[in-house]
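I have placed the structure first, in the form of structure tokens, so that the comments after it can refer back to it.
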Amino acid sequence: MQPKTLAELNDCSRQDFVAALANIFEYSPWIAEQAASQRPFAGVIPLFAAMKSAVDRATPELRLALIKAHPDLANKTQRAAGLTAESSAEQNSVGLDRLSDAEYDAFERVNNAYRAKFGFPYIVCVRRHTKDSILRDFERRLPNDGATETQVSIEEIGRIAALRLDQQVASEDRLKVHGRLSTHVLDTHSGKPAAGIAVELVELSELGSIRVVTRAITNSDGRTDQPLIGGRPVPIGRYELTFSVGRYFAERGVPLSDPPFLDSIPLRFSVSEPEGHLHVPLLVTPWSYATYRGS
Amino acid sequence: MQPKTLAELNDCSRQDFVAALANIFEYSPWIAEQAASQRPFAGVIPLFAAMKSAVDRATPELRLALIKAHPDLANKTQRAAGLTAESSAEQNSVGLDRLSDAEYDAFERVNNAYRAKFGFPYIVCVRRHTKDSILRDFERRLPNDGATETQVSIEEIGRIAALRLDQQVASEDRLKVHGRLSTHVLDTHSGKPAAGIAVELVELSELGSIRVVTRAITNSDGRTDQPLIGGRPVPIGRYELTFSVGRYFAERGVPLSDPPFLDSIPLRFSVSEPEGHLHVPLLVTPWSYATYRGS
Amino acid sequence: MQPKTLAELNDCSRQDFVAALANIFEYSPWIAEQAASQRPFAGVIPLFAAMKSAVDRATPELRLALIKAHPDLANKTQRAAGLTAESSAEQNSVGLDRLSDAEYDAFERVNNAYRAKFGFPYIVCVRRHTKDSILRDFERRLPNDGATETQVSIEEIGRIAALRLDQQVASEDRLKVHGRLSTHVLDTHSGKPAAGIAVELVELSELGSIRVVTRAITNSDGRTDQPLIGGRPVPIGRYELTFSVGRYFAERGVPLSDPPFLDSIPLRFSVSEPEGHLHVPLLVTPWSYATYRGS
Amino acid sequence: MQPKTLAELNDCSRQDFVAALANIFEYSPWIAEQAASQRPFAGVIPLFAAMKSAVDRATPELRLALIKAHPDLANKTQRAAGLTAESSAEQNSVGLDRLSDAEYDAFERVNNAYRAKFGFPYIVCVRRHTKDSILRDFERRLPNDGATETQVSIEEIGRIAALRLDQQVASEDRLKVHGRLSTHVLDTHSGKPAAGIAVELVELSELGSIRVVTRAITNSDGRTDQPLIGGRPVPIGRYELTFSVGRYFAERGVPLSDPPFLDSIPLRFSVSEPEGHLHVPLLVTPWSYATYRGS
């Protein structure tokens, strides 16, 4: 059984420590090796700092090897041959295991163009992204020179590692790798939080697909019991949050036009800070509404 | 040449008068006949009142014949055999000449079910409707009894006739058959009307299709030079009005997140009063917006 | 030394218990006497229930004596002769110790008119009120009959007692006698909470005086470090909350008109539920603002 | 009888022309003299341009004499000795004939300090100002040098002249010397314009006084029949516009708290462009409201 808590990692053999953290940085146990000598760690934050520091101190050759140890995004052959469990879960989280043909082609073009120019795979911390923003970042990064992309890749690898460490090691301190997306609905017709409103969050995509992220019903505080997205990064991308207000007001006997002026209200917005707290409320009457970026 | 102005209609021969107004009520010149004796008319409003009154005074048999003179909605065979020019233009205005197969089937079911129950075609003033609201009204009307539907049909025929009269006869007074849908954009970041914002109005449909109604760019008053819909009824139905605000703020050098929190803002609303004035404004900053039903 | 915690009250002698709680109900130790036999109490809520129940079970004569044990509001002679410390603090909290001559006259008229009609003093739980609402409630209560006013007086006495008990006895459970008034300022020009905004809350009065309740500066969350009113009932009455936004935007280099369109923004509102949570936020740009009753 | 229309001015004797326009520029008929030779004028705009041009071409000595021909603001001795009818009406319009002692002292200090430094009176087009903004402009202008203030004074004299010309000469074209302040109230609880709301506009003053500018009731469009200020410059200054919404909602049977959360809503704002169109609307429910600078 592998160590899971910080205490266990501090107390176990060097060998078990390295085995437990071997894939925090993809196929690169040497990073855990170096961190092992600095035990005990007071928390997961200093543990991550020690691993990151090992990467920063490594020779250019070793850093390049770390980069090359990563798989291509959405590469079918590599998926068949086997990714680390971590890579597989991460790519699946953003939907890279269920791409349409058009999307698959788009990703393959990205991989090939990038690898052709830089000689290593296009690396991005996919849990912080949507399919759209992965492709958008690629457009932005491709013109860079090799030195810049080496640095950007190491940064992305650090983000990937931080998320893996956060998931796999229990500690009292937490790495700041999670964001939150929340909403609430205020019924300014009655002056009360709007309870019982059906809310749906979908992720939009330039490639045309729409992916339902979550559905919820507002509670007596006009909020959802759980944040719309929480306990993980809020992926950079475009979203639409829809509120079924027509039904809400009809059920309360409020006089409405027929059909109701407002029925299903979409709020369309983008997320740019995956680790931030983004609050998107709705202030609504049957005849008006407002929203704003809250925090 | 047919008389076109009210003065011409007042002055021409009885025969020309009847010929000019023969199809104001579909294939029913007897209505124009009766109105002819009441010339001269002070305006198009009393002219319409005279024609409407002829219908109201007619025998039940004649009123039924008037109803039966109307074509089915979207009936391909009838379209091939020939509609009045008026019927054809009206049905085309709502898109009944370019239905998808699914839509065609839906309309055919409506026609057949209605005709089977009542023995006459399903009549609705299509210029006041979208495809959606035509089908929705059908669901509401089908459970009625024959007497009610006879009355409802006569009312719809009156609305059709009023719109035809408004289009065909020039007079100083106007029948109240037109509505207006307008918007304006206020940039509450700079405290000024937002000029140069691309606006798109689409009609939504339960059947899935989206129809672009109009596109415009806001002028220096933050308004569109022409109303989004004007000079005709605003069809009952669901709409989405989209504003390209991301580009607007970016062009003005306003600091934005990347991607911008707000880019393309959709306002989704329904129209319930085709002859009303509906104003749907947008008050917007890069981080907030509000709308309301104005007038 | 008097017992102060629930544990001490449960453990002390009957005599000490009664002494400690003798004035929870004004000059009426017999209520504490009756509650004493029910010790131990699991919390202050059941303790209060026991005392309240003693009042409810009391004879009409005893209840009337309880009512008559209360002082007149703002009566100078009685104040000179000495009120209980509790009565004195309560009356002072609402400003009854520093009335203008006009206000003093108004209260004296109220006391006299009420006492003349009912034969006992006008009792109201002043911590839940402003001077205005005390006089307003009087106008509403004076037309009542004696039975109603006896009942209303007992209820007000219960509210007074609950607040005294809450202040004097420490317990893990809390009586629901406190409300909260809070605000926050969102700068929708920059999409961030507005930090450093000077806020002032004043109590308005029909009698003309304005009383500053509190002043604060918004913190980095756009909120005040402490609620504007908290840890006590929010007195029923009219308030004005003023935000110095002109200076805030000017200091951030935002282009403004001269003088700025918005400088000091007043929000005027009333409180009707002293034990409720009332949140009055401000969403603001240099050219627009909005507020709503939040919770 | 003096000529009043542009046609009359074009056609009358040179002597009558000069007599009619002698005080457009205070006590300076030489300006009308020079303009007289350029008759006929196509409109009041070219007439004003001709008079302005005469001032611009004048010698420094003559321009200084023009400046010195103006009275002090609010000077009691000069008022007693007699101002031109124009000066008197202008000063009265801003309330300079009914100053409190403190205000009178403030204006006297301004006049004396200014005259002591520059050797001529402090001139400002008072119809474009409130008492506050006159004093505020003084603080801004006093540090200037003589050349600058000579220029500023000539500009202010031009504004005074334009307003006098606009009032005294009827022409088809109009000088752009008028602004407008308007409001409207939208009831977003019912989705309709709010009719029957009492509105009061007051001018605020740092010196403490409050002056009622106008009172009105909103009509069925939620607007006031006349603009709050129109047909004249909107004086630079601070204002408060108050809406009696509590009564409005109560009369419509809308459920409210007691006292109502919102009753009398004040909007406090400043005017900075006397010739601009400023629209200050209110969007309101019993529990929320918003305003913005419209146009």
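The chains carry the letters A, B, C and D, assigned in the order they are written, with residues numbered from 1 in each.
Note that a contact is a pair of C-beta atoms (placed from the backbone, for glycine too) under 8 Å apart; a residue touches a chain by one contact, two chains touch by 3 or more.
Model, not experiment: these values are computed from the prediction.
Both chain A and chain C derive from one sequence, and where they touch, over half of the residue numbers involved are common to the two copies.
Listed candidates were B-C, A-B or A-D; the one reproducing the C-D interface, defined as more than half of contact pairs identical by residue number, is A-B.
Most remote from chain C, judged by the distance between CA-atom centroids, is B. Computed from the mean C-alpha positions, the centre of chain A lies at a distance of 59 Å from the centre of chain D. Here the CA centre of chain A is 47 Å from the CA centre of chain B. Shared interface positions of chain C, i.e. residues touching 2 or more other chains, are given as 188, 191, 257, 261, 283, 287-288, 290, 292-293.
Viewed as a contact network, the protein chains are fully connected, with every chain touching every other.
Within the complex formed with chain D, the chain C residues making contact are 133, 136, 236-238, 257-266, 268-270, 272-273, 287-293. Residue ranges on chain D touching chain B, taken from their complex, read 186, 188, 191-193, 221, 283, 290, 292-295.
On chain A, the positions that touch chain D within their shared complex are 188-191, 255, 257, 261, 283, 285-288, 290.
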